[in-house]
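Mind having a look at this structure? Questions to follow.
Lettered A, B, C and D in written order, each chain numbered from 1.
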Amino acid sequence: MFERRLALESIHTLSGRCFVLRYRCPDIAAASLPGHFVMISAGDAIDPLLRRPMAIYRIVREAGAAVGFTLLVERTGRGTTLMARARAGDMADVLGPLGRPFRLPATDVLDDEEDLLVMGGVGAAPFPLLAEVLVGRGARVRAFVGGRSREDLRCLDDFAQLDVPVHVATDDGSAGHCGFVTGALEAHLQRAAGRPRIYSCGPTPMMRAVDELAARHGCDHQVSLEAPMGCGIGVCLSCVVPVDRGDAWIYQRICREGPVFDAATLGWR
Amino acid sequence: MSDPEGRADLAVKVGDVELSNPMLLASGTVGYGEEMAELIDLNRLGGIVVKGLSLEPERGNEPQRIVEVSGGMLNSIGLQNVGADAFVQDKLPFLEQFDLKVIANVWGRTVEEYVGVARRMDAADGVHALELNVSCPNIKEGGISFGTDPVQIHAVTAAARAATEKPLWVKLAPGVTDIGVMARAAEEAGADALSVANTIRGMAVDVGRRRPLLATIYGGLSGPVMFPIALYLLYEVSLVSSLPLIGIGGVSELDHVLQYLTVGATAVQIGTANFYDPTASQRLVDELARWCCDEEIPTVREVIGSLQVGEL
Amino acid sequence: MSDPEGRADLAVKVGDVELSNPMLLASGTVGYGEEMAELIDLNRLGGIVVKGLSLEPERGNEPQRIVEVSGGMLNSIGLQNVGADAFVQDKLPFLEQFDLKVIANVWGRTVEEYVGVARRMDAADGVHALELNVSCPNIKEGGISFGTDPVQIHAVTAAARAATEKPLWVKLAPGVTDIGVMARAAEEAGADALSVANTIRGMAVDVGRRRPLLATIYGGLSGPVMFPIALYLLYEVSLVSSLPLIGIGGVSELDHVLQYLTVGATAVQIGTANFYDPTASQRLVDELARWCCDEEIPTVREVIGSLQVGEL
Amino acid sequence: MFERRLALESIHTLSGRCFVLRYRCPDIAAASLPGHFVMISAGDAIDPLLRRPMAIYRIVREAGAAVGFTLLVERTGRGTTLMARARAGDMADVLGPLGRPFRLPATDVLDDEEDLLVMGGVGAAPFPLLAEVLVGRGARVRAFVGGRSREDLRCLDDFAQLDVPVHVATDDGSAGHCGFVTGALEAHLQRAAGRPRIYSCGPTPMMRAVDELAARHGCDHQVSLEAPMGCGIGVCLSCVVPVDRGDAWIYQRICREGPVFDAATLGWR
């Protein structure tokens, strides 16, 4: 965990209210694993006061060494609107990497099953890095990318670049399967053999629907959760989610015990 | 020495509690210190007030537990904590490694619960002082907050006083007509210092859904917006009480620290700033040391209560 | 019609006072309307609450009278005003030209002074309602603020009630343990509506000079920082009173207006925003109209008190 | 009085923490007279909340028409520090022109007496425009410019350009007369005949010292005052100053009845 004041290297605007911020910071970059996030300030003033949690999107490498990272941000409210206005050179306070990343399959079981990454909207942010790491280990990765409409689909270029096959679904049918991304996932699960490992991130209804499929097909399923976060490091207890402990449930901190959880422990089933 | 160059004398005494400098971490904003220790050097601070402890572990409130508002935040964490015994067993040993004062923030739903926690803290070696959080509803008295009734403040303070020999601080609630009355009640019941203040009640609504944003409808406001209000409350208390005071609310800049000290605080606590600026407390210690040097103030104790009012 | 395109129904009734829309200008932030009329079209607003009026003209407090703080400001103007008679003679005729409701904000140092002003406002044709500012010290009762004691709120409200037939609003002070008690006292004494709330006490210190920044040591906090606090107070009042409520504190965005209405306000007042964003009130009327159209809400009255609490 | 949202045309940094902001706004420019001021936002957020009062410095003309104005700002606190960071294109809310400007001598008396402009630090801001107008009317104008040190002297170029003779004084003697600007003024008053009209703006002790000289020499003296301002338009009553009314004193608003006052009415004498 590093607390750094960083100058924005570049900002790159995408379709559908999204943009990519790039920072140079070898410390944070080298320590970041897929599913990690940072807390980043959205301005220097007291409004907005709190930093915003953002997943590590990609790691920037130079000569093989991790020297920076990018964030994939959707403009939704006050803070992200300010962030969208940032210009190269603007300073931000960044604390990271934070949280518990995705649990990766042991290298010797990688070949047995597929790894399916299921994402909705900007929930896609952590998946290109996860795909990169999995592919690097020789896994068979497949992405299911959902969005309201064509311009809400994220990371298609990243997956193409990594040679990861992509199944697309849009609510309005403007690209790919018309309907929810779970439809595409279900079709694949029915077609495919075995019990692929599933990772999902997106709107809660989407993740719950994915989990229903995962449960039905006996798949391991990790989800990356969101909640309003005060601190991102576990001290404010604002980001809790009830987690099953067999006999009882307890509140766990999404920022510390998560953001990645085993879906089976969330009492959704 | 808190001053990196060893020039400034930042030591203060809250009653019998000697602090290397006036900067404390506020209860509920730093857990039990473990996470903060990854970011700052706890040895550099005057002390830490740990998350409010109850007799039994508490789950706390249902989420959504925080909302950001202009210049501050609302929280309704609901005092989730591991409980007094688990604190002593599992959390305190970690803090004992550091050279800073550990203050146990204590709460309960009845006087007896306060007493129970106070006894346990009295027995725990690594705890240097107790801070009573009286902003809790007394379930035996119809749920009226201990902190809004001088009789109840007196009762809970006196009971805790009897349960511990250690320095006893009482943390006052802001939402009262006359905080001076509450301060005097605590003082008369044997408090050794007064912490001013806890969060202020506030609310936020999700207009789209026509629902409160917090699961508990309202919550406690903290952050920079609180500063001028808490400073005034501290001033009010300073007029009627001779106890050492601790300024709490909105501290995020050196100027805040200095304003609290000038009005009469012996120390300050840093709360919400730990969230959006996690190294703030340590930086403020450095800045305070530098300010003392620049202003040629031999000891920060000179600043405490140096406010001048009235005609020049 | 307040909606430029004439589609939204923004009319509300605060008791018998019919407002073309819920946007009022708050007392003490717009003088007697003359200067604001150079910047906005007063006909577009629901009403104006003029600067607090006393029986005799008042010079107000010595400067320095304001301090900016994070997200707000402190003021200690001290109710400088031209006096009730000069208001009626010199200021009211100007306001009578416009199609908006004129509310006289009334204060005194004794019950008799309140009554004196209330009588004069009762006799003045262009005044549509009275708003009692009870955040004043009662010099006959040892300087304790009328607004912090239910007995005194009752007394001053009942006396004003007897002095006027016009709608009587009581503007509550925030710094009390239980604002519901104050609300009920005003209601029982015959108030027609409750304004929630006046400024919150705050303080700021010039550390360099070791002196308060305001000549009066402390002042009243207003501005965005007040919003979540005042919203909560309005909610508290809504639980115990059936009177129409007026939300005051921090309004500067449409979302603030909507939150107040949702929690139960029939109208809102815009204060400090007039200083840093002088056309805010008029813009908020437009934005409210547009919001109603976009959300297909036939009348803004549907929003009032539409808050849902408890399980879904 | 116009309320406008304006894009910054240019920012130009001077020595000693000062900078000049230029805005295009024919409305405000055409209505501005010497001594007028504007209220300008120092950011879009709520901290700082209030706008800052700033004197109109120069009027920008194109083909004889007033099309814009400039502000001469000294970085002293939070708001002016933010303003110093502004970049061309940044938006600000500006309300103006505000207040009561300098009372100008009737054209037929202009030749009789000199007009002496006495200023300290950034208090110089309103004087180049005043000098410009006076010179344009054929007046004999003289400027007394004071500052702590050489780099705190303002508007020397403006006065040079207008052919206005300048008397300089610095506290540390790094330029001109060593000492207060009132020393230079006193020397001139003793030397010169008649009863020149005096205008002053700067730190209060300076203006009071100027007024002592003005009273002693029987000169008309106008001062431009400062006070923390909530609104700038007369509605908040925050900016009051006690003003003599012969039998009694009353509080007048610096933003409305001022900022320019007849020094004789301020109870300084």
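Going forward, a contact is a pair of C-beta atoms (placed from the backbone, for glycine too) under 8 Å apart; a residue touches a chain by one contact, two chains touch by 3 or more.
On a predicted model such as this, the values are computed, not experimentally measured, just so you know.
**Q** Based on the averaged CA atom positions, which chain is farthest from chain C?
**A** The chain farthest from chain C, judged by C-alpha centres, is A.
**Q** Taking each chain's centre as the mean of its CA atoms, how far is chain C from chain D in angstrom?
**A** So the centre of chain C lies 37 Å away from the centre of chain D.
**Q** Distance-wise, how many Å sit between the C-alpha centres of chain A and chain D, to the nearest whole number?
**A** Chain centroid spacing, chain A to chain D, equals 56 Å.
**Q** Find the geometric centre of each of chain A and chain C from their Cα atoms only, then give the gap between the two centres in Å, rounded to an integer.
**A** For chain A versus chain C, the centre distance works out to 47 Å.
**Q** Could you list the positions in chain D whose residues touch two or more of the other chains?
**A** Answer for chain D, listing residues that touch two or more other chains: 46-47.
**Q** Going by the touch rule set out above, which residues of chain C reach two or more other chains?
**A** 70-72, 224-225 - these are the residues of chain C that touch more than one other chain.
**Q** Which label fits the chain touch graph of this model best, line, ring, star, complete or other?
**A** Contact pattern: complete, every chain touching every other.
**Q** Which of the residues in chain B come into contact with chain D in the complex?
**A** Those in contact with chain D are residues 70-71, 224.
**Q** Under the touch definition given earlier, write down the residues of chain A that touch chain C in their complex.
**A** So the residues of chain A in touch with chain C come to 46-47.
**Q** Can you tell me which positions in chain C touch chain D when the two form their complex?
**A** 28-31, 35-36, 38-39, 51, 59-60, 63-68, 70-73, 75, 77, 80, 223-225, 252, 272, 274-279
**Q** Could you please specify the touching residues of chain C with respect to chain B in the complex?
**A** 69-72, 74, 148, 175-178, 200-205, 207, 209-212, 217-218, 221, 224-225, 227-229, 231-232, 235, 250, 255, 258-259, 262-263, 306-309
**Q** Quick one: in the complex, what on chain A touches chain B?
**A** 1, 3, 41, 46-51, 93, 95, 227-228, 230-231, 233-241, 250-251, 256
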